[in-house]
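First, the structure itself, so that you have it in front of you.
Per-chain numbering from 1; labels A, B and C assigned in written order.
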Amino acid sequence: MVEPVLPTSILPLVMRGVVAKVRGVRIVGPVDLTIDAGGFTVVIGPNGSGKTTLLRLMHGLQRVSAGEAFWNVSDDVARQHQAYVFQTPIMMRRYVVDSIAYPLILRGMARRAAHKQAADWAVRFGLGHALDRPAPVLSGGEKQKLALARALIRRPEVLFLDEPSANLDGSATREIEAILQDAQADGTRIVMATHDMGQARRLANDVVFMVGGLVHETAPVAEFFDAPKTRKARAFVNGDIVE
Amino acid sequence: MTGRLKPMLATIVLLFAGVAVQAAEIAEIRVAVTTSFHNSGLSDVLLPQIKADLDLDVQLIVVGTGQALRLGEAGDVDAILVHSRGAEDAFIAAGYGTHRREIMYNDFVLIGPSDDPAMIGGAETAVAVLQLIAGAKVPFVSRGDGSGTHKKELALWQDAGLDAAAFTGWYRAAGAGMGAALNTASGMDAYIMADRASWLNFGNKGGLVLLFAGDPVLFNQYAFIPVSAERHPHVKTDLAKALEDWLTSDTAAALINTYKINGEVLFTYNAKPM
Amino acid sequence: MSEIFQSLAEAWGLIITLDADLLEVVGLSLQVTLTAVLIASIIGLPLGAWLVVRRFWMRRYVIAVLNALMGLPPVVVGLFVYLMLSRSGPFGVFGLLFTPTAMIIAQVIIITPLIASIAHQTIRDLWAEYHDLLISLNTTRMQRIKALLWDGRRALLTAMLAGFGRAIGEVGAIMIVGGNIDHSTRVLTTAIALETGKGNFAFAMGLGMILIGLAIAVNLTIHILSRTERASIW
């Protein structure tokens, strides 16, 4: 089955005055932000700054309490061409090959064809040896690679990642980053949250800096790290505690 | 997993089919009978002979008299065999049954602890026995379930000039069938009135013995009542008639009169021609 | 104590000689209960899952009622089914009273709330795990139910076995709607009740042990077939 090719892009994603409230408490917003086509955006900031919530707002996992966020197409269509990777990978209680194939089967692909594609992706991501193992017994790095394969197998237009290598060791992180760079080269728009400045420098084209639930500064990556405009950004880049 | 799925599904389908298939073409009749009758074991002798002679499968639903009458009223059975004259007459008068046909009788006996604290062993009549028991206020277990046996017991208390409803702690209404009530009596070493058949067949006698019998008022008449087709058109009137004829035949008479438990004859056949 | 040994001996005797009456009664017990468990699972498992993924304003009350129905006294259910299936009742025309089908109906009513409640509880935990992922993958409600039921199948098996345990030992309802008719609707539990009522305690106890043995055998078989307790994680 051929992936449905969208005549128009789902981007840009426009957010205007978006606020997220949980139990009456504002945790993110108001946020004005536009995600255009092309590139690798890193959302960076200290812990608790609202990075995760911002990503969830974009993807539709968090309800918008005020303001508006809309894609270039209807929400329903947009949802079919995105994917999300969680900080702690969510593993289904299935074999690795079934897990990676699942999004294709949801789309209606026949089981055998879906498994074939899933196997290809697994091999590409270094999981070829683990196809018949239960997903929950994989190592942290392997789980995250599975999550990535599962996310990318439907060739989404936009890929969201929430601190994907926060819990991984160096070699696993390196593998993840290589996969992401390949995905970007393939044409996937990537929005990733991280608190690791080195990773941001390695991967990002532009940076969205968040503090206290608000977007504090946005800039191309080189500009942000070499010459941050705001005081808080400077403090963050220096490694100081930002409140 | 899929390899095992097919045989599992096949087994399940077969199970279900096995239940769904009803026995075809065998004549069946449903008769509600009382626990007293069933406990005698007489049905184990009669039913095979009925099957052989009439090619008829008699399905017995063994319940208390009250429930048997209720099943007859609802038309859930084709006939009933009970031993409670008053209730039977009411059943027929209300139009649920066509007529009653007496088949046989056995008797009730008074059971009690072997040391007989109320000293009923020497009494002359059943009424005297009950008066002695009430006077001694020793534990007495009653069926308490509206059954034929229970109604008989209440009638006897009335004949003795006593009000059963006013009895205090020594009178225990079990609210159960004959076997269960006997169990209760055995467990608390109490007096109890039982039908002779249930007593002879009872396997848990404990310290109980038969203390009094023989008074004619203790005779217990069984009658067969077909359920009325006017009330319930679906009842198998023909089969009920065939069964009634058989129960009043010489074959039945012979089997009933010679049926023994531990060498004792239990029932006396007394069916009259119609 | 001697009663217990005597009962073991009687039970063993019946099993060794493959007593025909015993086999008949055991066979019917299994037929009725397994069929009831199957039907109750087909109703109860998806119901439990549906109540997890579908949010509606009455959901909390429905779940509470479902949990409460687990405590339905079987004899009350039997009475209700009798009144429904009696010739004088609304469904009398089908002539189902005093047949194994009536017994299955009664048992389905008794164990469906049990199976649905247990399924609901375990699937709720699984849903908490899968929630973000399944929403992110843009699944429909039906796809969510299917994924939860399949991935949670081990726990659902427990729910079914709980239903089986409840049903195989049930006597009150099937006594009323089945009538305990010899060679027709007599099962192990009603036979035990009958023998107990006659005072044949040893024999009744022997049948009771056979019943327990049967329940253990079924549970063991299921566990072996589904390979639980092996070194897998679900």
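Worth pointing out:
We adopt the following convention: contacts are C-beta pairs under 8 Å (C-beta built on N, C-alpha and C of every residue); 3 or more make two chains touch, one makes a residue touch a chain.
The shown structure was predicted, so the numbers you read here are calculated from the model rather than taken from an experiment.
Counting only chains that touch, the fewest steps needed to get from subunit A to subunit B is 2. Across the assembly, the chain pair joined by the most C-beta contact pairs is B-C. Of all chains shown, C has the CA centroid lying nearest to the centroid of every protein CA atom.
Of all chains, the one whose mean C-alpha position sits at the greatest distance from that of subunit B is A. Each chain gets a centre from the mean of its Cα atoms; for subunit A and subunit B, those two points are 78 Å apart. Taking each chain's centre as the mean of its C-alpha atoms, subunit B lies 32 Å from subunit C. Put simply, the C-alpha centre of subunit A and that of subunit C have 47 angstrom between them. Interface residues of subunit B facing subunit C in the complex, by the touch rule stated above, are 4, 12, 15-16, 18-20, 22, 30, 35, 39, 59-63, 73-76, 176-180, 182-183, 186, 201-205, 232, 234. Residues of subunit C that touch subunit B in their complex: 30-32, 34-35, 38, 86-89, 92, 95, 97-101, 104, 179-182, 184, 194, 196-201, 225.
Partner subunit A is touched in their complex by these residues of subunit C: 126, 129-130, 132-133, 135-139, 143, 147, 151-152, 232-234. Interface residues of subunit A, counted against subunit C in their complex, comprise 59-61, 79-80, 83-84, 86, 90, 92-94, 102-103, 106, 134, 136-137.
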